[in-house]
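Labels run A, B, C, D and E following the written order; every chain starts at residue 1.
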């Protein structure tokens, strides 16, 4: 599982039906690479989270039919990215 | 899920039967790396999209039997790649 | 799906039984990285192809029991790698 | 499977229910990249371990319903990272 | 599938039960990155092999219940890594 920081919400008016009711977040890695994840835990910009990828991401979204490959698994209580 | 920009359609006269009726797009990452995805949403060159990978990509294509590992999940309303 | 160029066939006298009757190809990315894929379409050295990875690669090989993680999905009609 | 070194435990008060009872560890690769894994073997900071990823990680955690994509598979008896 | 060279066996006295009876090998890529794979073909140090990843790796190990994400698929008859 990766450790990423929440940057913002992602707005997509036009998307596939398999993701319609989920919240999407843009996450950024320590090296600056950005990815999109489903957020079932209510993370806010600035939070450090860990993410679940692959088929587990669908279960982690709370519903196997949510078509995601990356889901936030939890908010890390405290994290120093360059420790 | 990754954030990529649509570059062009991809033409393959000779391909496996599992992808025959889908539209393929060449996508480019912010770092210039190019990949091919199935497009079920009708994205146009220049659009920024997010993509679903892995086994979820097959469901996202609207049919689990479409043999893809990358499918466009939605068109992002506005995106600044180097924000 | 990735875009790769066929370099050569791969000869492995000693291999697991799950791949016995397939043709294997060495493919090279634009950056020079080499991978091995099952070829169900009859690609030739020099052809640019796109490849299907993950569990879809097994279906793409024409038989879910073929133990591959990378299968050629189609031959691209024309491709300029450094466009 | 990757070879990584255990750095510390990871504390997440707020997380998805699919991981509630597992121990999470922060692992570091030889190149310094950090990841989070479920630990079913009781590894300690400083131990070198190998990790199982993908859907096998869920089985490796001892319960397919644990929503992980990375699980410690074993503690390596002796390891020189820059050998 | 990747092309890697066998470096050595890997000894882990303490590991998860799902891998107990398999042989583990440390493999090294052309760029020096090391990974661990299950070896069902009897490869020796110095051999160049290709590896199967993902869920296919479990089947390739000869038993779907072997908890691996990387399995040696075959020994390459002759290989020049920097060709």
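One rule holds for everything that comes next: a contact is a pair of C-beta atoms (placed from the backbone, for glycine too) under 8 Å apart; a residue touches a chain by one contact, two chains touch by 3 or more.
Every value quoted in this text rests on a predicted model; they were computed, and no experiment measured them.
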{"item": "Other chains in touch with both chain B and chain C", "value": "none"}
{"item": "Rounded Å distance, chain C centre to chain D centre (Cα mean)", "value": "32"}
{"item": "Chain A and chain D, separation of their C-alpha mean positions in angstrom", "value": "20"}
{"item": "Per-residue multi-chain contacts in chain B, two or more chains", "value": "53-55, 57"}
{"item": "Chain-level touch network, classified as line, ring, star, complete or other", "value": "ring"}
{"item": "Ring topology as an ordered chain list, initiated at chain A and continued via chain B", "value": "A, B, C, E, D"}
{"item": "Chain C to chain E touching residues, read off their complex", "value": "10-16, 18-19, 24, 26, 34-37, 53-55, 57-58, 65, 67-70"}
{"item": "Residue ranges of chain A in contact with chain D within the complex", "value": "1-3, 40-41, 50, 52-57, 59-60, 62, 71-78"}
